[in-house]
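First chain written, first letter: the chains are A, B, C, D and E, and each begins at residue 1.
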Amino acid sequence: MAFLELKGVEKFYGKLRAIKGVNLAINKGEFIVFVGPSGCGKSTLLRMIAGLETINGGQLMLDGKDITHEPSSKRDLAMVFQSYALYPHMTVEENMSFALRLAKVAPEVIKEKVSKAAEKLNLTSYLERTPKALSGGQRQRVAIGRAIVRQPKVFLFDEPLSNLDAALRGQTRVEIAKLHRELGATTIYVTHDQVEAMTLADRVVVLRDGMIEQVGTPLELYDRPANRFVAQFIGMPQMNVLPVGMFPKAGNVYEVGIRPEHLTIVGANEGQLRGTIELIEALGNETLIHVNLGTAMIIVRQYERTRSQLGEQVGVQFDPAHLHRFDKEGKAILDGNKLAGAAA
Amino acid sequence: MAFLELKGVEKFYGKLRAIKGVNLAINKGEFIVFVGPSGCGKSTLLRMIAGLETINGGQLMLDGKDITHEPSSKRDLAMVFQSYALYPHMTVEENMSFALRLAKVAPEVIKEKVSKAAEKLNLTSYLERTPKALSGGQRQRVAIGRAIVRQPKVFLFDEPLSNLDAALRGQTRVEIAKLHRELGATTIYVTHDQVEAMTLADRVVVLRDGMIEQVGTPLELYDRPANRFVAQFIGMPQMNVLPVGMFPKAGNVYEVGIRPEHLTIVGANEGQLRGTIELIEALGNETLIHVNLGTAMIIVRQYERTRSQLGEQVGVQFDPAHLHRFDKEGKAILDGNKLAGAAA
Amino acid sequence: ATELVIATVNNGHMIEMQKLSKHFEEANPDIKLKWVTLEEGVLRQRVTTDVATKGGQFDIMTIGMYETPIWGKKGWLKELKFDDSYKVDDLLPAMRDGLSSEGKLYAAPFYGESSMLMYRADLVKDAGMEMPSNPTWDHVAQVAAKIHNPDKGVYGICLRGKPGWGDNMAFLTTLVNTYGGQWFNMEWKPQLETQPWKDAISFYVDLLTKYGPPGSANNSFNEILALYNEGKCGMWIDATIAASFISDPKQSKVADKVAFAQAPTKVTPKGANWLWAWALAIPESSTKSAEAQKFIQWATSTDYINLVGKEVGWGNVPTGTRQSTYDNADFKAAAKFADAELAAIKSANPADSTLEKSPYTGVQFAAIPEFQSIGVSVGQQMSSALAGQVKVEEALKTAQEAADREMRKAGYYK
Amino acid sequence: MAEHTRAGSRWLPRILMTPAVVTLFLWMIVPLVMTIYFSVIRYNLMQPDQTGFVGLMNYEFFMTDPDFWPAVWNTLVLLGSVVLITVFFGLAIALLINDPFPGQGFVRILLISPFFVMPTVNALLWKHMMMNPVYGVLAQIWTFFGLEPVNWLTDYPLFSIIIMVSWQWLPFACLIFMTALQSMDREQLEAAGMDGATYWQKLWYLYMPHMARSISVVIMIEVIFLLSIFAEIYTTTSGGPGNASTNLAFLIFKQAQLSFDVGVASAGALLAVVLANIVAVFLIRMIGKNLD
Amino acid sequence: MQSSPNSSSGKLIIRTVAAWLVALILFFPLLFLAVTAFKTEGQAIAVPSLWVFTPTLENFVEVQARSNYLHFAWNSVVTSVVSTVLGLLIAAPAAYSMAFSPTKRTKDILMWMLSTKMMPAVGALVPIYVIAQTAGLLDTKFALIVVFTMSNLPIMVWMLYSHFKDIPHEILEASRMDGANLWDEFRHVLLPLGMGGLASTGLLCLVLAWNEAFWALNLGSAKAGTLATLVASYSSPEGLFWAKLSAASLMAIAPIIVFGWFSQKQLVQGLTFGAVK
C-alpha cells in the first residue's frame, strides 16, 4: 500500500486553479523528484503535502491515515524551503538544532548531530553566525542542514541546491543520497537540475500547469517520454522536435524528435539534413552546435571540440532508430522497434 | 584602457576579510563571469561594484573616473540581486518599470519595454500580480526583468537563473546573450552553472576565498587551469586528481589530474588503472561511472549507456596527453606537449 | 480695540459672567474680552507663575482670599480704586478685609461663600431628632448615628477627605479652629501636635469611619455633591454655594428635603465656618489697567447682580459680596438659604479666627506662601489617618514634621 | 552589526541626522543649564526678593523629605507594573487580533481609542465613574455579585493609579505591537511548524525575538513617560492617602506648583533625571541588543 | 494571504469572540463617557447607571455657549498637525539614517535622544516659561508647536527607527540600483512599506500633542489654548459637572478619534512577504 497518497488533490489561489486534481502514490522509502517548468505548481504541491497550504479538494493520506486537515506540526515532516525561511535571530547552530531542541533531544545528541551535518555542508566555521551575515549559498546550506538533522517520516526538498557551486552541489547531492539510503525516509525533492533528477530519483514526476504529465524512472522518462512536453523537458539541451514534413511520413505521426547527442555533423553533402551553423557553444567536455535548417533550428551535441565555423554549410546525420514520434496532440507514438535509449 | 577597473579592492566584515585585494580590469562591452565556491565573495564583489557595500581599501574606477565613493544611484548600473529584492508593494509590471519611471521615460516606451521583457521571460500573464503571489522562479524572472528593461552602463547579475527550469534557463540565457550583443553593455555575471559560465563569458574570473585564482576565456580555464583548484572547479563532474605515485614520476610533479571524459572503461586487464565500479549514474545522454582504485576514487564519463555492473572489476584507460600536472602547491605545470584540450 | 485677557475659575457664577459679558462689550465697543477659564487648582498655578515671573499674559485674574493679601503686599497687584457709583461700603466687611492688605483693596469680590451644615430634614425628623440653627459637633455626631443606614444607601454624614489645602484641610481647619486649635503660634511654630488637633482629627476620623460613606478619603466637594444629590448623605458641612445646587430639583433628587444650619461648633464658635471669596484683580504687569478696572467695576457691581437676577434668575446671582443682595426681596424669595449664608459669612473673621492668637490671616488657611504645600502634606496625612492606614497621633506627628521642614526652609525660624 | 553604509555617501547619514540632533540638543541644553543653575540658588516664585547661592541645600531639602524614598519606590512600582501589564497584555491582544476575523478593523479602533483620552479625563473617568465605591460602575458590578464594593482609591491607591495608567498606555503598546507583528515572516512560522513547534513554542522562539525590538521601544518610551506621571495622581488621590501614591513627579509638582519653590523643584527634577538615567542604563543593559 | 489549514472555523469563532470581548471591555469606559455626555447631570450620577434614557444635547449646547469650541479645536488641529508633520520631517530622516546606516554610536544617540525627555515637565516649567516669555512667545501657537515637536521628537525617532528596521535593507538597495535618489527611495519604497510605522507614529504623536495639557495650559491660554485647556475648564468646577465634562471631553477627543478611525487602514504595515529570499 502506498505510504503517501494524493487523491485528486486540488488547490485554488482565489480563482486560479494552481493544482488540478493530482493523483500520486508514493511508496515508503521512495525518492521522488518533482520536475516541471517554473510556476507549474511544484512548490505548491510540496507545501500542500507539508500542510502549509489548505487543500481545496481531494485527499491526502499518510500511512493509511487521512491527514488532509492535519496541522503541519503533527505530520512529522522536514522541509527545505525554496526561500530558505531561516530564523533570522538564531545562529546557524540554533537554526539547525531548533527542531531537535523542540523535540527535547539530549543536548549532547543535538550537538553531535548538528556538528555532523555542518561538516557535511561545509558550515562548521559559520555555526555562530546569524543568517544575515551569510552568503546566499551558505544560507541555503543552513536550510538543508535544518532538515537533515532530523529523522522525519518524510523529507521535502524544494530546490535545495540551486545556489550552490557545482562542486558543492555534487557533494551535497551525494550526501542527500546517502542520507536517504541510511534513514530510508520517503523523500520528495523538487529540482530544476537534470543531473539531480536523474541521479537521485527512484521515480521522477513531471508536472505541468498543475497536472502530472508523466511518472517514471529517470531513464524511462529520458528514453520513453510519454509526450512531447516530457521529451523536451527532460534532457539538456532539449530534444529537437521537427515537423514530420522533413522526414518520411508514417501513420499519424505529426512531429518527430531527436536528442542532440543522437545527431552528428557531417560534410555538407552527407547526412539526412543540411543547414548552416548559427552558434557554437563550447562547454569544455562537449560542444553544442546550433544548426539552422532553414525552417527550423536544431542543436547537435558532440563530445569533441569542433573544427566547424559559424556560417558553415553542414550536413546532419542521425540513426532513425533514435527518432521519437509524436501525434498531433503531442502524445508519443511508441512502437516495438523504437527504443532509442536501450539501443544507445 | 579598462572600462571598469578594480585596484586592490578590499572588504572587511568586522574582522573578517571577505575580499582580499582584488585587481581586475574589465573592458568596455565585455561579458565577465564570476565563478567560485559558495561564500568566496562573488556577491560581495558585485555589491561593491554596485556601490552597495563600502569599499574598505583600494579603488574602483569606471570609465576613468574614481567611483569608489560614488553613491549607487549615480553609477548607472542595473543589478539582479541574488535574493531578488523585489518591491513587495508593486505589481510585476511596476517592479519592472520602476527604474524607467524614475528616469522619466515616456509611458508608451515603458509599456513597450516592459511587455517585451515580460514576453522574453514568460511573465506576460503575471504582470498584475504582486511578488507574494508568484512562484520562486517567477520571482527570479521579475528580478531579471527589472534589470533588462534598462540600458545601463554595466549589468550585474547575481545567479540570475538559479531557480529556473532547464528549458527556461536555456532560453533566458540566450536572451541575456542577445541583450548583451545588442546593447553592448559591460556585464558581470555570477553563476554556479558551468554551462552558463562557458557559453556566456568572454572571460571567466575564478574566485576563491576573496581572491582571484585565474582569469581567462572559458576554454582557457577548462584546458589550461592555472592550478588544481581551478582545474577541479571548472568542469562537472570535476577533474579527477590523483597522487602522482600512481603514474610515472616526472620533475616536481606532485599530483596529476584527468577529466572524466578522458577516461575510458576497458576490460579488467587492459588500461593503465584498475579498480571496481562503485556507483553508476545514468544521466540520459551520458553515464558517470565511479571507480574505486583502492587508494582513490575516479569518475569516468562515457557518452553511452554502460553494460558494466556495480562491483565489477574494470580497467581504466587514458591518453597521457590529457594529463594535467600539479606541483606541491597545486600550481599547474604547463609544458609544450601538454595541451590537452586542443588535442581533443 | 483693547483686548483684555481674563483668567477665571470655572465655577458656575464665573461662567455666567462670561456669558453676560456681551453686555459689557456692547457698552464698551473699544474693549474686547478674551477668556481663559480653568479649574481652580490649575488656575492658581497658572496665574501664580504668570504674576511671579511678570509674564503679563493676563490683564485680569480671578484670585481668592488666600492669594490676594499675599500678592498685594508684594506689590504684584494694582490697588483698586473705584468711583462712588461702585458703593464700596456695600461690600460685606469680612470680604473687604479679606481682600485687602494694609488697608488697600487689591481685589474686588465677585462672589463669596462660607460653610454651613446642610442636612436632610426628612431623615432627621424620621429619626426623631431636631437640628438647631447653631448645632454643636456633639449633637451632629448623635444625629449622624441615628440616621446612618447604609443598607438603605444612606450615610449619616459626608465630609471632605481628599488631600489638599483647599480640599480636606479647608474643612479640617474649621474643625480644628472650633476645637480651639490653630496652624501656627505666634512664633510661627506649627501646632499640629497640640491637643485640639488631636481631639479634632480623632473625632473626625471616628465620625466618618462610623457614619461616613466608603471612600471618604477621596471625597471632596464634587464627590459629596454627587452623593448628596443622589440622597446618600444625611448631613454635609461644606461651602454655602452647595446650597443652591442641592436645592435645585433639576440636579437633586432631594431638593425639597434639604435644610440648613450654621456650621457646628465645639469649644469656640471662632473659625467654625470658613470664609472665601473669588475676586478679580489686576496684575502689576498689565498695561491695560484702566480698561481692566472698568471691567472689574462692571462685574462686581450691584448692577451686575441685578442683571443676573433679571436675565438668569434671582436664585443664581453671585452671593456673598454685598449687603444689598441680601436686602433684595427678589433674592430672598428665590434663595431659602440666604439667611443662613449671610449669617455664616458675617460670623467669619479672617483676621481673628482662632481661639489663641495667630500670626496669620485666613479662616481655613494661613495666608502665607508656604501654606499650599504644607496643606497638601498635612492633608495627605489626614487622609491616611482617615483611611485607617496610620493612627491619628502618627499622622499628626508626620504632618508636624513636614510643616516644620517647610517653615524652617522658608526661614520663619531657625 | 555589519556596516551597511551606502558606499560613497559617508556624510549623508550624518546630514540626515543633523536636524534632529541639533534641535534636540538645543531643546535639552538650554533648560538643563537653567535648571542646574536654579537648583543651586534660592528661588521661590512667591519670594523673588530672597535670592542667593545655596549650594546643594535644595537637593538636601528634596532628598530629606520623608516622602522622598517612598516616592522613589512608588515611582518604580508604578513604572514596573504598568510596563509589565501593558507589554504583557499588549502582546497578547496584538497576537489575538493579528489574524483576520470579522470586524478586525473595528476592534482595532476600539482597542486604541483609550489612548485618545486626555490624562485628566482618564483620571476623572476612572475615579468617578468606575472606581467610586458608591456609584462607580465597578461597585455596581461588585454589588451585583453580592460582594462588598472595593474602596479602590483609599485601599489600593497605587494599584488604582496603575490600572488607570495601564488602561491608557495599553493601546499604545497594542498599536506598536500590532504594526510590528505584521512584518513577521510567514514562512518562518511555517518552518517552525514543520519543525514541530506548538503555538506557544512559536510564540517564544519566533514571535518574541521578532518583537524584541518593538518591546524594547515600548518599554523605553513608556518608562520615560511614566517616570513623570502626575496628572492622574493629582486628579485622583493627590498622592495620598499618606504618601501611598506619591511619586517623584508628584513630589516635584508639589514643590513647583504648590510651593512655587523653583530651586527645590529644579533639584528634584535633576534627581528625577538621575533616576531616569539609572533606570535607562539598567534597561539598556537588558534590552539594548534588541535595538538592532 | 491565505490562511493556514490549521485555523479551523471553531478557532476562528473563539478568536473573534475573545477579541471583541477584550475590545469592548477596554472600550467600555469610553463608551460610558460618550453615553454620559447625552445625559442630564442628574442622570449622570444615577445609581444604578442608566442605559435607557432620553438623550439630551444640552451639555453640548452648554459647552459651545461657554467657550468657542471651534476656536480651541482649530488651535488643537494647527498645533498638533503642524508639530506632527514637522516632527515627522525631522525624525524620519534621522530614523532612516540610524536604521539603514547604523554606526557604533547609533544606539548612544538613540539613548541620548530619549534622555532629553527625562526631565519632568513640571521641573522644566520655569526655564521654558522664562524663555518663551523673553522671546515674546507666550500664548502663541508657535511656542506650542515648538514644544510639542521637540518633546515628541525622540519618540518619533524611536518608533520610526523600530519600524524601518523591519524593512529588508535589500529592497532599498534595489531601488538605488534602479537609480532612485534619496527622495525617490523615500517616496516609492520607504513610504509605502513603512506606512504602518509612519502612520502609527504620526497618529501617536498627534494624539500626544492633542492631549498635551501641561504645556498647553502653561504656554498658551487665551489665544493659543487647545482643546486640552478647554477640558481643563470643565474638570472639577464647583457643582455637578460630570455630564458637561463628558460632553466637553467627547468634543475634545472626537476629532482625533474620527481621524484615528479613518487612518486605521494605514496602520497596516506594508507587507514585505515575497520581497527577498
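A few points about this structure:
One rule holds for everything that comes next: a contact is a pair of C-beta atoms (placed from the backbone, for glycine too) under 8 Å apart; a residue touches a chain by one contact, two chains touch by 3 or more.
Quantities reported herein were computed from a predicted structural model and do not represent experimental measurements.
With steps allowed only between chains in touch, the distance from subunit A over to subunit D comes to 1.
The greatest centre-to-centre distance from subunit B, using averaged C-alpha positions, is reached by C.
Bringing subunit A onto subunit B by least-squares fit of CA atoms involves turning it by 180°, to the nearest 5.
With every chain reduced to the mean of its CA atoms, the largest distance from subunit A is reached by C.
Ranked by C-beta contact pairs, the top interface belongs to chains D-E. Averaged Cα coordinates give subunit B a centre that lies 56 Å from the centre of subunit D. Once the centre of each chain is set as its mean CA position, subunit C and subunit D turn out to be 36 Å apart.
A separation of 91 Å divides the Cα centre of subunit B from that of subunit C.
Counting partner chains per residue, subunit A shows two or more touched chains at residues 13, 51-52, 71-72, 82-83, 133. With touch defined as above, residues shared between interfaces to two or more other chains in subunit E number as follows: 1, 3-4, 45-47, 125-126, 130, 176, 232, 235-236, 242, 271-273, 277. The set of subunit C residues that touch two or more partner chains comprises 41, 49, 53, 226, 230. Contacts from subunit D toward subunit E in the complex involve residues 1, 3-6, 12-14, 16-17, 19-21, 23-24, 27-28, 30-32, 34-35, 38, 45, 93, 96-97, 99-121, 124-126, 128-130, 134-135, 137, 140, 167, 170-172, 175-176, 178-180, 182-183, 185-187, 190, 193, 213-214, 217, 220-221, 224-225, 227-228, 230-231, 235, 248-249, 252-253, 256-257, 262, 265-266, 268-270, 272-273, 276-277, 280, 284, 288, 291-292.
Of all residues in subunit C, those touching subunit E in their complex are 5, 7, 9-12, 15, 18-19, 34-42, 46, 49, 53, 55-57, 153, 220-222, 225-226, 229-230, 239, 241-242, 245, 250-253. Listing the residues of subunit A that touch subunit B in their complex gives 13, 35-39, 42-44, 82-83, 122, 133-138, 140-141, 158-159, 162-170, 192-195, 198-199, 218-219, 222-223, 232-238, 259-261, 281-286, 301, 303-305, 341-342, 344.
Within the complex formed with subunit D, the subunit C residues making contact are 41, 45, 48-49, 52-53, 70, 74, 162-165, 167, 213-218, 223, 226-227, 230, 232, 369-370, 372-373, 376-377, 379-381, 383-387, 389-390, 395, 398, 401-402, 405-406, 409-411.
Every residue of subunit D that touches subunit C in the complex is listed here, in rising order: 44-48, 50, 61, 64-67, 127-128, 132-135, 149, 151-155, 234, 236-244, 246, 254-255, 257-261, 264.
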